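Here chain A shows up in two complexes: once beside chain B, once beside chain C.
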Partner chain A sequence: MSTLTPSAEASAAPAERSFARQGLRLGIMTMIGRAYPRLVAANREPDWIFYEVALPLLQICAFALVYKALGAPKYIGIVILGGGMMAFWINVLWSMAAQLHWERQSGNLELYLMAPASMLWILAGMAIGGMLATAVRAAAVLILGSLIFGVTYHVVSYPLVILAFLFSLVALYGLGSMLASLYLLYNREVWAIQEVIQEPVALLTGSYVPVRALGPIVAGFAALIPLTLGLDAVRQLVFPHLFATLLSPGWEVAILGVLVIVFCGGAAWSLRYIEYRAKVLGRLSLKWQ
Partner chain B sequence: MSHPAERDVPAIQTVNVRRVYHARGGRSIGGAKAGKTVVALDGVSLNIARGEIFGLLGRNGAGKTTLIKILTTLLAPTSGQAYIDGMDVTREVTKVRQRIAMVSGGEQSGYGILTVREQLWMFAQFYGVPSKIAHQRIDELLSAVGLGDQANQKVYALSTGMRQRMNLCRALVSDPEILFLDEPTVGLDVEASRSVRDYVRQWMRQDPRRTVLLTTHYMFEADELCDHVAVINHGHIVAEGTTDDLKRGLQEHARFQLEMAEWLPAFTEMLRNRDGVVEAQAEQRNDRTQLRLALLREEFIVPTIASINEAGGRVLALRRIEPTLEEAFVRLVGDEAESQREAEGAEVNG
Partner chain C sequence: MIETTSAGGLRERIAASRTWQTLRAATWLEWQARGNWTNPILYGIYLIVRPMTTSLVLVLMYWLVSGAHAHGGLFGFLIAGAAAWTFVDQIVAGVPQAVLADREEYAMLKYVYITPARFLVVLIGRALPRMLVAFISFTVTLAFGVAILGVPVDVRMINYPLLLLALVLGFVGITALGIMLAGLALVLKRGAWQMPQAVTGALYLVSGAIFPVAVLPVWLRDISLGVPLTYWLELTRRALLGSRIGETFPIASTGAILGWLALTTVILSAVSVIVFRICDYFARERGQIDRTTGY
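Right, the complex of A and B next:
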């Protein structure tokens, strides 16, 4: 609906500009509103400590022990990093991709579409809330894992690490938002898709093994999932000279930038398609009751 | 940002709205079910004035929810126009959305882990209501619907009745001008539905610019709440007016019920032969007789009673029988069984 580009805003008449400002204000409020339940309520039930910190740590320990037994303890660091990033992927799958499907069942979807701000702001709120809530868990896994196994990091370039991390997060949640709309088209298959995607991705993206080990073709496909390049770049930048990588970190960050645009654009496009399908064609039910 | 003079423009207006669904018969392989076309609304034109509680009555599948979806910008009309405060619902979407809200029956919206207050605050955010004002409104609304003590309770712990009252607050926290209620009291017990109705009335009294469009299957609810109603059947508006208009429009004859003493069976025959008496039926009840009369016009009651007295009967009580909205409704849309037969017939023919 109302998209705000800087140039359009600059050339707009004062009245229009204030309208745009109002739109922006409303959008941001909508985003904060939707992020809120994720931030506050996610920590209301303390069992997350078990499911989202203790369990991933156990999984990491298992891989770490295997690497130790194989005489390659230097890989333990990449497993821990991978475990931290995996938290985001799981969050994207269950709390982004499947989210509009749940929102439809509760009747929220209808109310979100009816609200004055574009639903992209709702998606943004879901993403930011999810990212921040997961960051706490990911950090816990990372810190505890590093302490347990005595992993040390040598950061080559802070700006690049931060950029790689942020780009892969934004691209990842962009992908999640895109899937969220598309999942609405495949109601019943949602669970099946989730189950099918989750585990192979853990392997494909090289969460627990170096991607390069998968061979160039598989690695190429895996690179489409933002987690892969993000992880690879971050690893190169904190464990320099450790192992063979896909590309140089600079290139990986550049490609991640492209993925950000592709997935966020895709999210906007698929949301518009969903709205068209529901509103004009009447072929998408907004509510299941 | 002026918009059309609020005094003259109807709060809700539809002009010849038509909505067709092309339902695909599932994803059947081989395309055996080619696709069915449902005309949910067929030329609906309505004008709803500001300040009114307007009832939309119709059987299941009549098109009520479809019309509400169009008015709430969730669905586009296939043809025709719809306006909220004079603004086109398909073109001035954002402005329309700013001033409307909707509550449906059995709604499970929001997030169970939030408290009632947090939940309402979240929805206020979506409408750009500053937090301070939002919390003020939340306090007012919750205490008005009797949920003051539940403000900090988790949403999942609310009973169905409490939940629906919270949903009402959810809709009103953005201070809408036009409220859509789609079967808002379905599934609520007597007291809970009464408190919803009471609050809707109270909310309407607070500001003359407010308007409600309500759908319901409970005729007494429409009768109790609505200034005007429209009856919709198979996507057509078949009647419109005040509830009294609808009842009266239906009544061909003036009906009375009389309690009699000193009754003789011969009286019935005598009454039936009188001018202006369409029907007379007597029924013995203990030591009394209950007489039901249908008269051509109301005025005939006076000479009729006089003639009973002359013959030696004695009238103990007299009551005019008003038709109920339910009777009016059934007359207008036919009864369920009849429409079932119609539908089956149509299927055989089609």
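Right, the complex of A and C next:
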């Protein structure tokens, strides 16, 4: 029940709207501010070309040569595409999930939590900046890999490819934001956890083999990682009839849509929890805590 | 004269004792730094997850092409290579990163430098537990491959002397490479953290860790034959799986491969020590022992 008189309510409404507008403006500025170093500052150092394009390309070439040695060069495209998408997983793992942990170690997390903007906007800025910067690197890997091994693509449906790609990225970065909150509960273990989950995810998501090769049960569980369905859908749409698939691309895109809601909702909830622990309980935001 | 001799002997004994102490302390430090963040069971899982996962990826690739549960031709080749690569991952990529962590995360490197210990001995000490860890990981991954995946390794037919010789020479070469990269990491302004991974990635491709070097383009194959890791992997595979596994290797004779491994290892070790000493000198001169590059 409101305690304000009708005239007071009428005058409060524009104030609330103005407050909401200010909040939104602050949030968007925060997001752009956090995305900026990933998009612009990171590219000031040209050595990223070597470390973030040449390095993943070496590993992709090694796996592509395994297919060549096995006498099945038709599968090389699977590796190239998987390697390109893996760039996003590596970015999510090391630059999203572990980021708040690094920020805590360097003393920035306290500043983030003291700032008037919500942590969600900061994470959104990190995600957008990381996503766009990684897209450039992944595209470079994809183009170079395709040129080296002469891979050709036959796209069945552009809208579905774009939807599958975008949904899997948004869900993946949502997952990264959830992990970012979770990692604040750990200290030195973070490095080990990162190393432990990096390779199994490459296995489970079918980065170098179609996910169906894992068998329907394991592949079903693996589908909870957004990269799995995204990769399977995109591959089906650019290499039609090359391998046994998990589901049809339409179904995979629909499930990815659900994963977007689940992981982005989960990220919002877990970040609110972390803000509560940091601001109300005074925990988690300090180094070695 | 007698006094001079005994003084010289004393100095030698002190030096030997100091080297041993340094080696022991560095080994223990590395063991603690690597493993004391968790309980032994979790640490054990952590050690074997990566090589085992890589092996499984390769197995699935093989089965995708050759049909489910096939075990011929390259099957053992892939698993043995993936298992052996753990040594390179642990030492070539790991030792430089341990040095960087000491310098930048724990800010302890400057204190290690001002002790009377020789830093080269410290680095060898830091490599030893990693070698042990890699050996455990190598054994478990192979055992998993043999028992569960059906890798054709007959434990009665393994050429143990050859395996031992290959592993010992491999350890020397891999440690030398790790030391050289640790020196380079000290003087690099940017990319110091990524450089060891970059070198490991390049070696993964060039040395034919998971495919026969015969499938490489000719120019890359020539480079491959200048890298001791190529011979080390080939000998390890021959010892485990028999000489027929190396039918496509450019050098047929196992003795010749052993000779090449020894020769390239000696050259690599000499170059590594020289490069390390130069980098060490510049790092001291430029005040890079307590620099921070990751910010």
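Note that in this section the second predicted complex is superposed on the first by the 267 of 289 C-alpha atoms of A that agree within 3 Å, B and C clash if a C-alpha of one lies under 4 Å from a C-alpha of the other, contacts with A are read in each partner's own complex, and residues count from 1 in each chain.
To be clear about the criterion, a residue touches a chain if its C-beta (ideal position, glycine included) is under 8 Å from a C-beta of that chain, and two chains touch if they have at least 3 such contacts.
Model, not experiment: these values are computed from the prediction.
Taken together through their common chain A, the two structures put chain B and chain C side by side without a clash.
Of the two partner chains, chain C is the only one touched by A:K68; chain B is not. Applying the stated contact rule after C-alpha superposition, one finds that A:G220 touches neither chain B nor chain C. Residue contacts after overlaying the shared chain place A:E195 against chain C, while chain B stays out of touching range. Note on the composite model: angle chain B-chain A-chain C, taken at the C-alpha centres, equals 90°, rounded to the nearest 10. With both structures placed on the common chain, the touch criterion links A:E45 to chain B and to chain C. In the superposed model, A:R34 lies in contact with chain B only, and not with chain C. Of the two partner chains placed around the shared chain by superposition, neither chain B nor chain C is touched by A:G250.
By the touch criterion stated above, A:S106 is placed in contact with chain B and with chain C alike. Contacts of A:P240 after superposition: neither chain B nor chain C is touched. Put simply, the nearest alpha carbons of chain B and chain C end up 5 Å apart when the two models share chain A.
Within chain A, the residues touching chain B in one complex and chain C in the other are 45, 105-106.
Only residues 45, 47, 50-51, 54-55, 58-59, 61-63, 65-72, 75, 105-106, 187-189, 192, 195-196, 198-200, 202-203, 207-210, 213-214, 243 of chain A touch chain C when the two sit together in their complex. By the touch criterion stated above, chain A contacts chain B in their complex at residues 1-2, 15, 19, 22-23, 25-26, 29-30, 32-34, 36-37, 40-41, 44-45, 105-108, 110-117, 278-283, 286-287, 289. Looking at the complex, you find that chain C touches chain A at residues 37-38, 45-46, 49-50, 53-54, 56-58, 60-66, 74, 78, 105, 190-191, 194, 197-198, 201-202, 204-205, 209-212, 215-216, 295. Interface of chain B with chain A (complex): residues 1, 19, 21-24, 72-76, 93-94, 97-98, 100, 102, 104, 106-111, 113-114, 118, 121-128.
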